[in-house]
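Two complexes, one shared chain (chain A), two partners (chain B, chain C).
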Partner chain A sequence: MNRYKKLLICILSSMLLLVGCWDMVEIDRRLFVGIVGIDTSDEPNKYTFYFSIPIAREIIGGEGGGGGGGGESVGLLTTEAYSLVDAARNLALRINRDIYFEHMRIVVIGEDMARKHLKAILNPFARQPEFNRRSRIAICEGRAEKVMGVTPWTEKLKAEYMDSLYAARAMSGKFIEMDLGDFFRNLNSQNGNILVSKITPNKTEVNIGGAGVIKDFKLIGWLNEEETQGVNFFLGKVRGGDIVVRDIRGEGTETFTILGEKTKLSLKAAEPVPEFLLEVYVTGNIASTAHYITYYRSKLESKDIERMEELISKEIESQILKGVKKLQEDYKVDLLKLGNFLQKHEPALWKTYEDNWEEIFTQVNIDINVSTTIKNIGILR
Partner chain B sequence: MTNIFSKLYSNKKQELFFERDMSPDKSRKLKTDIAENLNIVNEYLYDCDDVITRIFYMGHTAKHKMALVYIDGMVAMDTVQNEVLKPLMLFARQFPLEYTVGEKFFEMVKEGLLTAGDIKETDNFGDVILGILSGDTILFMDKLEKALVISTRGWEKRGVEEPSTEAVIRGPRDGFTETYRTNVALVRRRLKDPNLKVKTIKLGRHTRTDVGIMYIKGVAKPSIVDEVLKRLNTIDISCVLESGYIEQMIEGDWLSPFPQLRRTERPDVVAASLVEGNVAILCDNTPFALLAPTTFLSLFQSPEDYYERWYIVSMIRILRFIAGFFAFTFPSLYIAMTTFHPGMLPTDLVLSIAAAREGVPFSAVLETLIMIVSLEVLREAGVRLPGPIGQTIGIVGGLVVGEAAVRASIVSPIMVIVVAINAISSFAIPNYSVAISFRLLTFIMIALASIAGLYGIMLGLLGLTIHLVTLKSFGAHYLSPFVSFRFSESKDNIIRGPLPSMEIRPGYTRPQDFDRINDRRHDTIDKAGDERADE
Partner chain C sequence: MLTNNDMITVPQAVGLMIMTILEIGLLILPREVAIYAGSDGWILVIVGGLLALAGSLVLSTLIRRFPGETFIEYSGKVIGKFLSFVVGVGLVIHFTLATSIVIRTFTDVTNAFMLENTPREFIIITQMLLTVYLIRHGIEPTARIAEILFPILIVPIFAMYLIAIPKADFTELLPVFNTPIKSMAMGSLNTMFSFFGVEILLMLGPYLKRPDKIYWTMFVSVGVATLIYLFVVVITFVGIGVQNTKMLIWPGMTIIRMITAPGRVFERLDALAMALWTIASFTTANSLYLTGALTAFHLTKAREFKFFISILFPWIYFIASLPPNIIATEKLVYVVKWGSISVGIIIPFFILLLAVILKKKGGTA
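Up next, the complex of A and B:
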């Protein structure tokens, strides 16, 4: 018994001594990268990396001290390197603290970069465990450098500001809400085709509306906000936002707030090209109307509600069609997951289409059937 | 390792010189001549100035020579005066007693004259000397080979007060005192059951302390009672000044940080435990009783748990477990999270911790140790110092350790919060000695966390769990309701179910009688009853 105990103590203590995580670094000796920006560089095979790093003492001290002083709350490091890991190594020569990516909030990739070298640059993010999987990924219109230079006035932390923009999913369906983990999962399952968030920098703010279309690990174009919302409707991802339609009585507009959406995709016909039916069920509230008096749900005037629901349905349908059309005709890439649908539900059929799906996708017929339900017309009587 | 220690001690023991048993042999019989008896007593108790010998004659004549021997201060002088001396010296004079000294005379004195309540007769010096030392008065009579041991014990003692270490909001306020008999009576008063047994033995070669074990026959498992008695009888110790001596002598695993006997100074806790099948060990000269066997859970229980309604108690118990967990892990979690895995904390918190630590010259581990050690010192100082100064220490300590250390950038403000939560959590554990041992574990967890981060903490918790699972207290599993799981017991572990639903007694004591509560609410408490009462 005693010998076993000694043996056990030996094994347990060796477990303590042999562990790999000797990475004890004091928290004030660490730098936490908030935003990673990547651009092309003039040097061959090299890329430009930007790291936006919050300076803890400025951020916290500023609040306590009141005045805040002239200190920059976020530091920006720029380096040219062959890869992200190489970039971090380069910085070790210049920065006395260790760089960590656990609190990375967003990866911004420049447009030029995304069109040419996306595959190579995404590699380390997927490979290394220390990158925050909950961070966002976005492609910047123009160079990523511009996003790094944005100084938002609502938040001290740029990363915090950009990250929380994406949390506004309940407010709008006009952007792509996807974190790094989901991005890689979907990128691989869809053979390098994916919609990725687009980010457009201004001086003091960024706009995350719209989407970048990635086909075969390369950026090939953009979707505007309306088209993005259409695709989101198609995929059943809209959780909020507003639809503005013409008022049924003539002048002005009415605003409809989306509460939720459900979609049902089904195959109507297989030959000669697949024909799909998408049923979209949207529920929501009336947020504002052009008239002072709201609509009654009484017998006499219930027609109003129905007419309004019809108008909204039509608007949603047109948005979906715009998005679908762009993908089918301009970009010729199946980001509507129709291929996945066929693979799952009609595996035999999928086999025949699999090889030249890209071409067939452009010819696919999609019927869209939107039905809107107005749940609430407001508290006014 | 035990062998090495016992060898060390046994070597020392042989060097010391003293008689093993300080009290005289019981085989030494009393003599006929009173002078000779007194001489022998003096032989034992020479140079004991507090021993008083009072020689007097009973009745009119100088025929019946008698002597009282007692220790001043340990006897109630009233009793000696009124119930021993008065009857023998004054009342006896009023009757012409002309008995010849003999058996009848002895009986007359014992049964007809002395008005004291508790009288025993003896014929040896063992009882005589022990009686004197225990506060009894010995009555020697000339020409008789017997003496009377008159119970006149009475000394200055503390009254029954509210126990200071186990205060409750709802519940009885009386606590044990330093007098063994009072303590036994306090328990007896709660259990008017002839099956409540009290067995008294004397422990300690010098102290000859009264140590009693109490149990309820028919409830407590006899083998547990036997085991307790057996372990008590193996104790060979020079002195027993507090029940802590006994606890440490009879506990099973002295390497464990967890006490294997529960200590309490509340008679209601003892009574409740006896009913649950525990054995209580009461010790003279201390208000702390011991309860065996005990479980890990019982260390987290307060007597109030059964007095309050079950919702409140369940919530408080859950809080206590959370507090218990934080009491030994919180600083180590802080170290692990900040120095190994900052990715696990929200970004804002990371930044504020980093900003707070800026300018602090020490590493997080050292910082934690500085704070915890100074807090322990403060706690200790607060206990030692007399009341009014103790409060000063609280203020000075709070200011110095808290505010000033932060201002001087010796520790970061967040560290103060961490240590404060740790300390407060540990004091939420009802049992003070457990709280202290939890704080001891804090240091081990800090060491593990500083070596391997959360991995180290997990290892520590794992090791602790392994230890707890194997630990036994008088045959009962220490993690009892979880180790030998019984569904009906789940009503009284982490949450406490409604009292009527707790139909059986806890199983860890393996009581002979499982029935606790027979739920008859359905028969008696119903709507009709409410209506009847409302009429």
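Up next, the complex of A and C:
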């Protein structure tokens, strides 16, 4: 009996050491994709895929102080395939490591692609859990290839560079801040219409200002930076950035930095077309004015502050109107979530509008009421 | 100190009940209520919880009426030996099916999120072996495990889902009360199905140390389970949107992959979520498997119940590996839910009714 016990203990304790994992892949057998780029291709039903992959060896070498001798720190793989997953499998013929998407930072979709086949390409991102849902998504002006070729000078890794650009929400409201998870969520609740970030490449940097307008899973146009900020103001998403207005005394400009924003949307009248009232409350600081900096020439009085607030409110209102007008008149697509608002707050009314909302949306009246509060004017009067 | 006299205390019974109820529903309930009632889904959880409470009220009244007796014994007194045998066989089949789908769903989730290439059968077998090892020791250790694991499951679940709050959009819960009564009723019934597991109370009767506290036990367990379900459903709705929830197979799991704590302190909670999910499904499989074996044991009046664990083993394995894909598993889940309502609640209800009419009563043990 005792002998069996000893044997049992031996066997059991060896089990502690002999554990393994069926799906184990060592980290040095993996390639971590940072950026996925997608473009159209000449072959029918096939698309061009780009994977930008950081090369760990080169990154470490570079930090060691000039070692490595100028090797590229990011590798680029290109392949033509029917779907994203097919593309990753195609690469198995050429690359000896496993392609791994859990650390994907951004998905860049070429303009042509977004105009024609957006639906087809999005499916695997939603269906397969291996794709990082916190990654960003952007549509590129022109071909995605150009974004893949950008070599930023601030960061070694392109993916890191582009991803951290989107963290600048406190600095600007002129882009769309949205990750893949939010993207799918909004796509679902707005039935295929969505604003998506626009990315414009040049040689050493990209610009993420502006937005792409997607209607029924197709890109139909762009919003410029100002219009994007207007729509962001409308949706209450602005957390930073600035507003530049003409100076109250007639020459030069004043810069107002935004601290935060609150919006309140309400329905004023329902028939025949809905009328909305949007109240926007913006707070922020005066960062610069065009005044002289000596006491006798010019100083700010409280009535000046009030006038400034008025001017800034007007400017914000005009930005919002620009965005709203573009969506209502040019693109005819409800990206202001007015339909969602009706659905949530006036479900009975929404039933009557639901079927031809697209038409009604273009005639909807929106009154905008902006009130700005200046909190700080710096340390100068 | 650690007694194994096959009697479970009140906290153990509460732990066992809650851990049995909490399983598949954690991951799929948000989708089901979203499909039935859209943004009103969270109301369904409350109504469904109340229905489940009513159902377990029937079971506990039976236990109070026949203290110390097994379900097979007292149902034999009320509806006759033959009918009670048929019901008993039905219960064994139901518990076998229920154990299979719990293990199978666990396998599907593990395959989808963690171990993509590990064979399904391998995961099923390992999970089952662990369960068998535990339940061979009887009901008391099983309940003790549930009691120990209870806080380990509940606290992290709350903490984990709370991280989704900063990104949440609470207007997703609007409009309220905008669903037709009919789909509300259907949805509530379906939500009640998600509480399957309460029927283990049928078999637990004779093992309770304090059968007089059974109402309290069941009220607390179903109440806590309802609250946890409600929490998960609300967080999923506000976290990933009602429309999106409808499309996802396991919204409760997908939301974890979208969570980023402010400052990216916690980014990938997948591993934690999988661990919690393992606990939830392990405890449920334990009690359902054990209850199945106990039913067969009561039915045959055999001397040992361990024997039936081995008999059920191949069947559970077979049924668990039967569905070819997730959609087929879902259909099987549906069968189990109906089984839970029929043999677990409706038949006991009639037995109770008959017992009251015929004035049958158990001894005052």
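Going forward, the second predicted complex is superposed on the first by the 347 of 381 C-alpha atoms of A that agree within 3 Å, B and C clash if a C-alpha of one lies under 4 Å from a C-alpha of the other, contacts with A are read in each partner's own complex, and residues count from 1 in each chain.
Following the convention adopted for this analysis, a residue touches a chain if its C-beta (ideal position, glycine included) is under 8 Å from a C-beta of that chain, and two chains touch if they have at least 3 such contacts.
Remember, it's a predicted structure, so these values are computed and weren't measured experimentally.
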| item | value |
| --- | --- |
| Clash or fit (per the criteria above) of chain B with chain C on chain A | fit |
| Contacts of A:I60 with chain B and chain C, given as first, second, both or neither | first |
| Contacts of A:K344 with chain B and chain C, given as first, second, both or neither | second |
| Superposition-derived comparison: chain B or chain C, residues of chain A touched | B |
| Chain B versus chain C as contact partner of A:P201, first or second or both or neither | neither |
| Which superposed partner A:G110 touches (first chain B, second chain C, both, neither) | neither |
| Partner chain(s) touched by A:G230 [first = chain B, second = chain C, both, neither] | neither |
| Partner chain in contact with A:R185 - chain B first, chain C second, else both or neither | second |
| Three-chain overlay, vertex chain A: chain B-chain C angle, C-alpha, nearest 10 degrees | 50 |
| Which superposed partner A:G210 touches (first chain B, second chain C, both, neither) | neither |
| First, second, both or neither for A:R133, with chain B first and chain C second | second |
| Chain B versus chain C - smallest C-alpha distance in the overlay, whole Å | 5 |
| Chain A residues contacted in one complex by chain B, in the other by chain C | 21-23, 102, 130 |
| Residues of chain A defined as touching chain C within the complex | 21-23, 102, 126, 129-130, 133-134, 179, 181-182, 184-186, 188-189, 343-345, 347 |
| Of all residues in chain B, those that touch chain A in their complex | 338-340, 342-343, 347-348, 350-358, 360, 363-364, 448, 450-453, 455-456, 459, 463 |
| Complex contacts: residues of chain C adjacent to chain A | 39, 112-119, 122, 167, 171, 174-175, 178, 240-244, 246-247, 254, 257-258, 260, 267-268 |
| Touch list for chain A against partner chain B, complex | 12, 15-16, 19, 21-28, 30, 32, 34, 54, 56-57, 59-61, 100, 102-103, 105, 130, 132, 157, 159-160 |
